[in-house]
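Below, each structure is written out as structure tokens.
Below are two complexes that have chain A in common, paired first with chain B and then with chain C.
Moving on, here comes the complex of A and B:
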């Protein structure tokens, strides 16, 4: 009950902050711009090139929400999530409001959990916004395929998906993409409890993202590939195979949970024993 | 023991190799108006932060309103209002919105129903009720300071811990805050106020503690500290200092300066002067000021190994 009240306060703080909405708007803008270019040029990237999935989208705008998430997953979404997570505690410390929250007293564990919930809410909210905006942009700009009567579309394996099935799979993609952000978000949150600069915390989260991306692309590092947080980020594509190829999706979820578990435990240990001198 | 609002025992804090606070035994009784003094870097703020559970002691114990800090913080801190190292608020929200959010962060039984009224009362008390929806970003330094005090008052605390409460306030603001604190004290609130303005503390406080280089070097009632020095300052109507020197003899402590004399307060000084044919305009018992006490017992900045916080 106390946690619910604090989480509600944290969500309100997030919602009352203009920056939150600006970052969500920017996240949504990119897929709209891409859709506009696709619609006017009718030139999709060749299969196997460019952002995954985009080539399949050209004929059916209903696939576009998933494609749009694929566009924001590598950089845009993690940047936005890291900024919010890095700001969570360090932003309060920098503004001086952290000490006033703590002497209320909100309890450090409770504050950390409420901040985590707020970061997760932001992530999922941003994913929903991107999906909704790109659904509108996709169906308006790219249209639905007329020869299939707008009711069916092809999975990546070539079989037909009903609109209902498409909806379910898009929801799964949204959930998977949100979960994929947990690893970097947890690192940004950990750093946020250690330093008094939200910028440093956010950049730390992004450093993990870049390092992980570099290592995933490096064959010499193949021994650790399966442990890297970005290794399975693009596995959401498997949710559009028929039948769904769950292996990488499951591994991806497990990797995120492992990173989150370790980093959040460290965040809790540091924040609950730390001197607050900001 | 239960009549102590704040009690620390052997309170010590080291930051790495820097000894910020050493063996401090603070005693603030319920109902006290306690002035917490000392130069910058003397360990005042670190001590206050330990009282509030923000900084964890290296050794020693803290009891606030009968509970351990940080152990019982969840129970005792709701009864404490605090302002530490200046006010802080979310800049793009109004002062009112800030106070409501802060109050909502820790729900208390029935607190939600009275939140609006308590926030209004706190803003009213510091003279901020009329600022409306203006964001805190647009507040002046003095208004932010008032908002910081208001935020400490929303819970109607039993103990108020205020760091430099009149910092940045104009004379009207200082008068308002001082009156407010005296009024709260009259209603039974215990005050622990740190300040650099010694005259203000002298006016407001009943008891003072003085920190120097991490040690609590003085802790006493203001009245006791301001005890007479044993000297009288006598002002004559005329300039017959020669006569005065003859009448007073060894009791005259310093060579006369104009018409004023510094005299040891022994025997009937004024009577003797009058019987000697001198007209005495004024005779004042010399008292130490708080400034004298603090300066005598503390080290100037730069002399000691101070830390900023």
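Moving on, here comes the complex of A and C:
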């Protein structure tokens, strides 16, 4: 079976699972709830507190997709990604279908790559859904600036961003947030090849997330800060500075690719040498 | 016998993964190799030349990001602005530096940005989260510390101020070379001399100076118990003229525009009623005392800042310090007498004393001073005694 066909099968399987849509719906619901509270109370977090941009979105909902992604990035999005990635192989093993899946003329490497593509598709899809829903929620609940005539939004540096520039930067944020999830997804996928319980695999991915977050906040661990998978997660904010500060964004992409490379290689070594009995 | 080849293939796969991981981790930990560092070939200059180039680096243009961190646990008091955070926490900045008169420094946070633009002899501030543009602050004169003061070049120049390269070199030793922010740097360690060492709470300051341009790239100030006082280092720097567009003051639509308030240090210096001496506690003044109400005294790493306060403000500060548990200064050794009410406050390596001299009968006034620095209380006591026993003239 060719990789494209196998990937299509995995994507279809993912799309037909109700829990896929439940997790996407929950991801989208949180920013809507936040937007509703902001719109009704008009109380933004104090400077330096709360997620980025929440004070700026009052009266300018066009910035809300970026703010919404900032809300889901630290916990909710990685949890959803871990659940899907952890279920990829371990879910088949737990259900007893992995053995039958491999009886078909399907190479294990190809199957693993198809599973990976499905996880990445879920991640990108969830990010797009959050951005679109929050754009609608933001513009409907929070409104747009009345002085909008080509320039509607100020960058973090105070310069004006045209609607086109805002769109480009929001798309870059979506791409960066998606890439930021690759490390966690790769670990959950690796654990998924090692255990027969999707729950254990997902929790393992979350353990990495928590451990990394703790170490990033620990000065004593500063020597390894730059290597931790969550170190640059919030660097998407730099895409709204003027000029754009690319340094941490580039480092964030490299760190994710490095983690993904190592963990996916381990997942490949594990899955292709594993005795599948269930 | 299919098991053996299967095991061998599995072992090979895992070995490839382990080797690849080891290579990746090694590359990441060793960072950018030294051969990629900017800078000229082997140095042929001594500590004196390195310090001279660092002291003269104000004209070296650059663009870069830097991180500074302080260990001075100052209380977060009103009218002190960001000072407590600057000297007590980690601050990340991004700077475009064309000259001392034209630069921009942004404090970068995960939720916004606070920019400061120097242009036309004035400072303009931009705070994204407060949506406020602040105009009209003077570029020079007495003031509270700001983020741009903690950039490695500014911090190094302030440590070298008031000393000739010969003087500074006599207290310095070379540290060899190191790559900082991808550039080759020469290291110099400054120490207080033997006489100053007993009076300073600073043990040494390490300066790392770019070999190609003389721009200080990193500064570490360490106290006498080995703890950090202030550390500042570039994460990334390009020693070329910044894009003029980046130096343009923004004009955000809808933002509140305010005139800058006089900060507490500038206010105290302006209102200072008494002239300060040209020498204090054996230390020379680093500014002209006749033109400033706040004067720094010192040599090398031994620095003392003195502000002449209006006496009512001095009394308020004294009462506040005493209420917070501050005790009086010990009388100085020797013949000097300390005829004043004092309160000593210590925060890490920093010591500060409020000194209030009661007015003589018929004088109706009295005098008050704030004396502070990274010094032992004995030096504050000596300075306070000189200020109280040798009455100065009123400022014109």
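To be clear about the criterion, the second predicted complex is superposed on the first by the 273 of 278 C-alpha atoms of A that agree within 3 Å, B and C clash if a C-alpha of one lies under 4 Å from a C-alpha of the other, contacts with A are read in each partner's own complex, and residues count from 1 in each chain.
Everything that follows uses one rule, which is that a residue touches a chain if its C-beta (ideal position, glycine included) is under 8 Å from a C-beta of that chain, and two chains touch if they have at least 3 such contacts.
The structure presented is a predicted model; accordingly, all values stated were derived computationally and were not measured.
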Next item on the list: Count the residues of chain A touched by chain B and by chain C, then name the partner with the higher count.
Entry: C
Note to self: If we overlay the two complexes on their shared chain A, which of chain B and chain C does A:125 touch? Say first, second, both or neither.
What the structure shows: neither
Next item on the list: Figure out whether A:143 sits in contact with chain B (first) or chain C (second), or with both, or with neither.
Entry: neither
Next item on the list: Answer with first, second, both or neither: which of chain B and chain C does A:74 touch in the superposed model?
Entry: neither
Margin query: I'd like to know which partner A:227 touches here: chain B for first, chain C for second, both or neither.
Written below: second
Next item on the list: Kindly classify A:245 by the partners it touches after superposition: chain B alone (first), chain C alone (second), both, or neither?
Entry: second
Margin query: Under the stated touch criterion, which partner chain does A:273 make contact with: chain B (first), chain C (second), both, or neither?
Written below: both
Next item on the list: Would you please give the residues of chain A that touch chain B in one complex and also touch chain C in the other complex?
Entry: 273
Check: What residues of chain A sit close enough to touch chain B in their complex?
Finding: 1-2, 5-6, 8-9, 12-13, 16-18, 95-97, 99-107, 273, 275-277
Check: Any idea which chain B residues touch chain A in the complex?
Finding: 15, 49, 52-56, 73-74, 77-78, 80, 82, 84-93, 97, 101-102, 104-107, 151, 309
Item checked: Contact set on chain C toward chain A in their complex -> 6, 9-10, 13-14, 16-17, 20-21, 24-25, 28-29, 65, 94, 106, 108-113, 115, 126-131, 133, 235-236, 243, 246, 250-255
Notebook entry, point to check: Of all residues in chain A, which touch chain C in the complex?
Noted result: 45, 47-53, 55-56, 145, 147, 151, 154, 156-160, 226-227, 234, 237-238, 241, 243, 245, 247, 258, 261-262, 265-266, 268-269, 272-273
